Structure formats: structure tokens, C-alpha cells
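What follows is a set of structures for review.
The two complexes that follow have chain A in common; it is paired with chain B in the first and with chain C in the second.
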Partner chain A sequence: MGRFAKTLELKGIPTVGAAAETMVNYGIDYDFKYTNGMPIRYVAFPFPVAGQPPEVHKRYVEGEDRLSHKPMMTAIVDALTKPLTENEKFKGVPPEAQPEPRLLPPDAADNLQQLFKERDWTDYNPIILPTEARVQAMLKGTSHAPEEVVATINWPGGERPLTVEKAAIAAVMAGARPEFMPLVLAVASRVPFGNSTSSMANMIVVNGPIRKELGMNSGTNAMGPHNEANAVIGRVFTLLSKTVGNLHSGKTTFSTLGSNLQYNNLTIAENEELLPEGWLPLHVQMGFKPEDSVVTIGIGWTYISSVGEVQIGYPPQNLMRDYMHALSSSGSAATIVMDPTVAKLLKDVHGFNKKEDLSAWLSGNVEKTVASYWGNGVVSTVNSAMALQGLEPLATWLKAPPETLIKPFSNPKGIQILTVGGNIQTTWFVTDFRLGRGVKVDDWR
Partner chain B sequence: MRGITVNRKFLLSGVTTLLSVLGLTGGMAAVYAEELVTVMNPIVESKMAERLPLSPRLDSLSGKTLYLVDINWGGPQAAWSVYEQMEAWMAVHMPDVKVVRKRLAASYMVDDPAMWAEIAEKGDAAIIGIAG
Partner chain C sequence: MKIQKLIGFFLLLLLPLVNLPVLAAEEELPHPEVLRITPQELKGLIDSGTPPVIVDTRDGLSYSVGHVPGAINIYYDPAGDPMNREMMLVALPMDKLVVLYCP
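What follows is the complex of A and B.
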């Protein structure tokens, strides 16, 4: 929003930024310093704004600006009419950022562990201290030069180069081995983790030979704390998001509940070996070769378990449909994670000869009321304006009576299927994770 | 004292031990005893944005056109409803200000150049929000 206010200001239109009191400090501090560069004048409303009746909004307008503590409308008028201060007239190149030293001052190991926690550089579990020797050893896992920039992270602002060396430092901290580096670097190219007041999380899906090379688990307990590579790769993503990604609670990330999934980011190796014939691994569906090693990062919020075994009287696809009814359907996205036994049943008994058949069936059969659809704040935030502009089918959905049933997963390509698990129970999870474009791990060897 | 040699190292070790037993050196004793470790810095400095000035303010809003721009955060009835109340308040207290309520074409994540062009052409001031 600050950037929109800046656009108007550059056109000569005095503009006030309006934010909830929970977010306004981000606008006037970090966003101003590292993203916007313009000292936008803000007013702060009480929180929450969404979900409140008109009479509460009337009180907000007639009440106090939570930033200046003036009456709200006085604060707005003042922001548009009071002359600029010298600081607000300043134009120029900002001071050079104080460079971070390459090495930290020497200290006792316990003190360093404490320092890393105090600076919020960890997930608050003990780390392996990144000595030069350990980082040098880690760098042997890739042919890429330490100073090579994997990605420049400009969210939220700051243009921070994430180099191979910084990725190796995080890899050491997380407990990785040098052979993990190609996958670490591929994952690093997608840092940082999901950042939203809605409390997002990520999913990391690994395909191809790298799974076996690193001893990843795609079988029994694959999604639990039982495998070194699964645990460490997910942890690296989190540590990099906090270090080079600069995501720190209350400063640059404001997830209201947070997500416990961010400890491991749902790091999964797909059980490609037990896919039914005709069911392709995720990366092959995307156009990669089977022998390519690929990692795909997803973003979402939720997963719901089937809990128990498939029942003959109620096919698994029906229960998946029922549980998907509870997902937001934001972006028409879902990822179904199923034990290989479920995939086999779906193909052999229920005739889904390929993953895309199941995706199409779910797209055509998951229903919810328009009231439920628009009742989700993220869906309303992202889609309501387009509905009001007349974009279909959103426009029709917005005008329909509340109990009208719609099929919100309108794009079957948004529904992905993964097989993970140990052939022990016919269990599956439906999730609302939207998977991105795969990254080739082999490019980072 | 003549004839008595004091072994300094033994004396220092003994004093340190005594002080440790008495709890008087605490962490200091531990630090001196423990090897110091040098580690690599995991973070990178953030580059600050180029500074730009605000545009000059208006002398007053009287007779001006004020745009209230809803960024659609929180859905169609969040900021829009606040702006309805704001417009009603201004109709009573600042009736010579023309108020125009608008929504962004998409979500707050998507730029809307047509909106900015309209405001630049027809407006004198704007409120944009409500984030959070």
C-alpha cells in the first residue's frame, strides 16, 4: 500500500496512508526505510476493520487516530494540509548500509548460541555453529562459487543478496551435510517462507534421484520427525528466511497466529517408486525428465487428515471431496497427499487412470455455498474487486443468493496429487497448498 | 621473604579455584577456561531505499476533490464501509469537499495505473487503505 501512496505523491497528489494500528508501524518505519523511501503520512484505525458492522466503523471515524491520538478526521485533514517538515522534503541517496562483518567476534560457544537466539537467527532449537571450517566443508558439496548470488531478496525491501556462502552457513546451522548443498541451493532460490498476517506456511516437495542420494524418506513416517534429510532441508528454508530473508516477528512478519508448519515446511519426498502405472511423479507432470532432480515449493495454510482407512461403502474420492469443501479454494489450489495404497485403490477400483483424472473429478465435484466462499477473508480480499469489475465466474458468484452452490476449484490444474507414505494405512491428507514451478536441483550441483 | 619461592602459576590456579568454589567468578571463570570460537555471520545488510520527498500539501481541503481508495484488504466491506462513514461525516462537517470513493481493480497486491491516472487528473488529495 505504501507504494501506491508513493505513486500518487509522485504525481503531486497529497496522500494519507490508512492502516490498522497493528500494521502502521511497519509502514512508517521498515517500509519507509527499505522499500518506499518516502515518508508517507499515516493514520491508524483500531483493529479489526474487516468483519465489523457499520456502527463500529462510524465509531472509528468519529474516534481517535491511534497514531497521533488526535480525532481521526482532524488527523486526516492535518496530514493533507499541514506543511512538510524538513525531513519530509529530503531527497537523496540514503546512507550506505553499515556492512555486516563476514565473521562475528569470537566468543564462547554457549554465548554464541545465545547470541543467535537473541538476534532471532534460529528456530530456537540449538544450531551447529557455522565456523569457517564447517562452512568450507559444506561448500565442497557444490561446484558453485561462494560469492555467486542465488537470489536477491527484496522482500520486504532491502535487496539482500543470498549467496552460495550464506546458504552454506544456514546449511551448517541446520545440521546439513555437504551432499545436501545442491538441494539447499535450489530451495534457497525460493526463500523466504510465506509471510502474511493470515499465518501462511510452505510445502517443499522433492522429486528425482536426489531423494535417494540424500537418503530422504518418502515412505513410513515421511512427514514426521524421523529422517535427517527431510528434517534438515526444511529447517534450512526456515533459517534462511530469518537470516538473509530478514523475516522477524513484529518487524517484518506479522502472522497473527503463526504456523507450526514453519519448523519444517512440510518437506516431502514423493514416493515415486510406488506410483500406480500411469500416475506420473509431480516433476514429470511439470515437464521435467524422470531422471531430473527437482524441488517444488508450495504455499498455503491448511491440511486435513482422512484419519482412518478407506471404507468400501464410501469411496476415497468422495471423502476427499467432502473435506476439500472446507478449504478456502483460494487460487483454485489444493494438494492431496496420499499413501501409495490410496493411489492404487483410486486407480484399480475407482478407475482414475492418472492423477489428472482425479484432479478433474474433484474440480467438478467439490461444492460450497457462495456465502461460504466469500466468507473467507483471503478469497474476498483477492477476488471481490474482480467480481465487482465483472470478471466471470466471480461476478455471478458475488450476485448469487447466499445458499447457491458453486464449484470453486474451477481449474483442475490447480489440484495436485502426491504419493507419500509406507503402505501401512490407506490414509490421505487434503491441503490448500498451491505448488509453484519446480526448480532443477541438478543446476546447483 | 628470604628463602621462600612462590610458584605463581600454582598460586593463580589455586586462587581461581578458591574463587570458583566461592562462586565469585561465575561465567568469567568459565569463559577464560573455555575456548573462544569464531563463526561466520549468517546475515546480510539491507540496502536502504532512495529518499524521495512528499508532494506539497494543500492549503485546505475546501473546494477540493478527495479520493478515498479502497485497497480491498479484508474484503469488499472493510475499508469501503469505513469510507462510507467518512463520507457521511464529511457531508456534515466539510460539505464543500467533493468525496469520491473508489476500489482498486484487483487486490492490494496488484497495481492500478488507471486509478492513479484518474486521481492525478481529477483529484486533489487521496486517502488509501486500509491495510491490516
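What follows is the complex of A and C.
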């Protein structure tokens, strides 16, 4: 909002932003200092706005501005007409937004640990302090130059480069070894993590020979805290998101509940060795060669466990279908993570000869009402705009009566299947993670 | 807006999961790895009976002034929060050709 207001102000059009009281400080403080560079006047409404009936919204408009405590319309007129104060005439980059120096002054280790916490540069677990020597050693894990830009992050806080050196610094902090660097850099190219008030998270999936090279765990306890590479790679993603990604709670990220998944970002390696014949690893499904090392990163919110083992009276695909009713189905997205025993059952007993067969079956068999589909705030916010512009099948679903049954996972290609686990029990998770395109790790060696 | 007026736009093809012939650009453009088609080729696709999903990445005001018929608007604001844009992009059909155009 601040940027739009700035655009209008620069055209000489007086502008006032209107935001919920829970978010307005972002606009008048952080957005001004780090992104916009121009003070913008705001008024603030009570919260929540979404989900409230029209009479509540009317009361908000007829009530008082939570910033100035004047009647709302008076506050808006004042904001549009009163002359600028000296502070509001400020232009340029405030001192707070100056970049940090490349090196910090020397200090005792305990003090530096404390400093990193005070700057919110950690996940609040102890870090390995990134001394020059440690970062130099980490950089030996790649042939890429320290100053090479891995990704450019534009928001929040203005454009800044994520360089190989910065990735190496986060790798040191997270406890990585130099041989992790190619995977660290591939992961870094997809930083930062999901930043939404809806409390989203990420999933990091590793395929190919790099899994074995780094000793990643794709077997028993693959999703638990039992493996160095699985733990560290996920942590690097979080530390880079908070430092270079500039995501700080209450300043630039406002996930209302947050997500515990962001400590490790569901970092897993697929158990390619135990895939049933005909079931291809994720990266091969995407068009990479089996011998390529690839990392794939997704965004989502939820995972639901089957809890117990498969029962003979109710096929696993039926229970997956049932549990998928609870997923938002935003973008037809789901990722099913299953033990190899489940994959074998699905192939041998139920005839799913390849992953795509199961995806197609779930796409054709998960149903929910139109009311339930649009009842999800993310789906409604994001998809209704495209539905109103005529994008099918969203346009038809928007016009349908509330109790109309639809197949919300309309695109089977949005449903990914992963085999992970130790062949111990026939259990699985359904998740709403939407996996993006894979990144070739070998390009970062 | 008539399609012939789109000469100045870059038309970008997203072919994530469909197999179509690559249409090479004749002129030197940044990011040559991104497939491009001409406005005439887009018109041909629209007239073919299986039109692609067309995405106008300009701001909402520009879109409202005029856009390719049938295009939906997903604004690419490099300085903006990417999350809404990404959520809209993932809602696009993965089994159809997607054509993007930008200023």
C-alpha cells in the first residue's frame, strides 16, 4: 500500500493509507524506513476486517481512527489536507536502513552470540559464529566466486543480493560442512521462506546422488531430528530467510500463529531406492535425469498423518481421499509423503502402476462443496479475482450454488507423490504443499 | 485492445508440463532461455479453438485500460510482496499453455 501511496504522492495527489491496527505500524515505520523512503499518512481500523458482517465494517467507518483517535472520516480528510510536518518532508534512506558492515567488531563469543540474537539473525538455537576463517573454509565447497549473486531479493526492504558468501555465512551458522555448499546454494536460490499472515511454511525435497554424498536420511525417521544434513540444510534456509531475506516477526512478517515447520522446513530426501518399479523419483518426473541431483522447494501449511497402518477393509487411497478434504486445494496442490510399504501396496494390490495413476485417481475422487472451497480465505482471496476475470474452472465454481460438489484438485499434476521412510509401517502423510520447479544442485558445485 | 497493438510486448511462454515445439526468438533479448512467441502467433493460438491461458503482468490500472481479450491480470511488481502473485500463479492450470505478456 505504501508504494502505491508513494506513486500517487509523487504525482501530486494527496494520499492516505488505510490499514488494520495490527499492521499499520509496518506501513508507518518499517515500510517507510526500509522500502518506501517516504513517510505516508495512515488511518487504522480495528481488526479483524475479514469475516466480519457489513454492519461491523460500517461501525469501523463511523468509528474512530485508532491512530489519531479522531472520527474516521475526519482523520482521512485531515490526512489528505493538512500541510506536511517537518518529519514528513523527509526524503532518502533513513539511517536505520543503511546496510550492515561486512565485518563486525571483534568481541567475546558469548557477546557475539547475544548480538546475533538481538539482531534476530538466528532461530534462537545457538549458532556457529561465522568467522572469516570459517566462511573461507565453507567457500571451498563450491567453485563459485563469493561475490556471485545467487538470487536477488526484492521484498521486504528493497532490492539486495544474496551472494555465495552470504549463503556460506548462513551455512557456517547452521552447522554445515563445506561439502554441503552446492545444496546450500541451490536451496538459497529459492530464499526466503513463505511469508504470509496465514502462517505458511516450506518443504524441501532432495533427489539424486547428492542424498548419498551428504549422507541424508530418506529411510527410518527421515522426517525426524536424526540426521545432520537433513537438519542443517533446512536450518540454512531459515537463517537465510531471516537475515538476507529480512524476515523479522512483527516488523516484516506477521504470521499470526507462525509455523513450527519453519525450524527445518520439512527437509526430506526421497527414498528412491525403495520406489516400486514404474514409480519414478520426483526429479525424473520433472524431466531431470536420474543421475542429476535436484532440490525442489514447495510452499504450504498442513500435513496430516494416517496415524495407523493400512487396514484391509479400507484401501489407503480412500483414506487419503478422505483426509484431503481438509486441505485447502489452493492451486490443486497436494504432496503425499508415504512409506515405501504404502507405495508397494498401492502398486501391487490396488493397481497404481505409476505415481501419476494415483495423482489422477485422487484428482478425480476428492470432492467438496463450492461453499467449502470458497470458504477458505486464501483460496477466496487469491482465486476469486481470477474467477471474476473468467479463468476456468474457477469462474464456473464462483457462480455455482453453494452445495454444488466440485473436484477442487482439478489438476492431477498438482498432486505430487513422494516415497520416504524406512519400510517399518504402512503410514503416510497428506500435505497441501505445492512443489515448485526443481533446482539442479550440480550447477552449484 | 487489438492484438496487433501488442508488438512492443514480450510474449513469454510457460511450458512447464506440455510438449510443444520451441518457438525461437529472432532478436537478441535478455533471458534467451525464456520461450517467446509473436503477437501473430498468439492470435493463431487463440483462434485455434484451444486458446492458452493469457496472463497480463502489468499493473491493474493498465490492465483495466485495455488488455488482450481473455487475459487475466497477475501484476508483477518487483518491489512488492511476492506471495499473492505466487499463489495466483500456482492456481493457473498446469495442463494448458500459459502465455505471459509484460510492458
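Here, the second predicted complex is superposed on the first by the 393 of 445 C-alpha atoms of A that agree within 3 Å, B and C clash if a C-alpha of one lies under 4 Å from a C-alpha of the other, contacts with A are read in each partner's own complex, and residues count from 1 in each chain.
Quick note on the criterion: a residue touches a chain if its C-beta (ideal position, glycine included) is under 8 Å from a C-beta of that chain, and two chains touch if they have at least 3 such contacts.
Note that the coordinates shown come from a computational prediction; the quantities given were computed from them, not determined experimentally.
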{"item": "Chain B versus chain C as contact partner of A:333, first or second or both or neither", "value": "second"}
{"item": "Touching partner for A:411 - first (chain B), second (chain C), both, neither", "value": "second"}
{"item": "First, second, both or neither for A:360, with chain B first and chain C second", "value": "neither"}
{"item": "Which partner reaches more residues of chain A (counting touched residues only), chain B or chain C", "value": "B"}
{"item": "Partner chain in contact with A:437 - chain B first, chain C second, else both or neither", "value": "second"}
{"item": "Chain B versus chain C as contact partner of A:60, first or second or both or neither", "value": "first"}
{"item": "Touched partner set for A:304, first chain B, second chain C, both or neither", "value": "neither"}
{"item": "Touching partner for A:377 - first (chain B), second (chain C), both, neither", "value": "first"}
{"item": "First (chain B), second (chain C), both or neither touched by A:35", "value": "both"}
{"item": "Which superposed partner A:195 touches (first chain B, second chain C, both, neither)", "value": "second"}
{"item": "Chain A residues contacted in one complex by chain B, in the other by chain C", "value": "35, 158-159, 381-383, 385-386, 389"}
{"item": "Complex interface listing, chain A residues touching chain B", "value": "1, 4-24, 27, 32-41, 45, 47-52, 54, 57-58, 60-62, 73, 76-77, 80-84, 88-95, 97-112, 116, 119, 121, 129-132, 135, 157-162, 165-166, 169-170, 173, 197, 239, 243-244, 246, 374, 377, 380-386, 388-389"}
{"item": "Residues of chain B touching chain A in the complex", "value": "30-31, 34-61, 66, 69, 71-79, 81-82, 84-86, 88-90, 93-94, 103-109, 111-112, 116, 119-120, 123-132"}
{"item": "In the complex, chain A residues that touch chain C", "value": "3, 35, 154-156, 158-159, 194-196, 299, 330-333, 378, 381-383, 385-386, 389-391, 394, 411, 413-414, 434, 437"}
{"item": "Chain C - residues contacting chain A, complex", "value": "16-17, 53, 70-74, 77-84, 86-88, 90-95"}
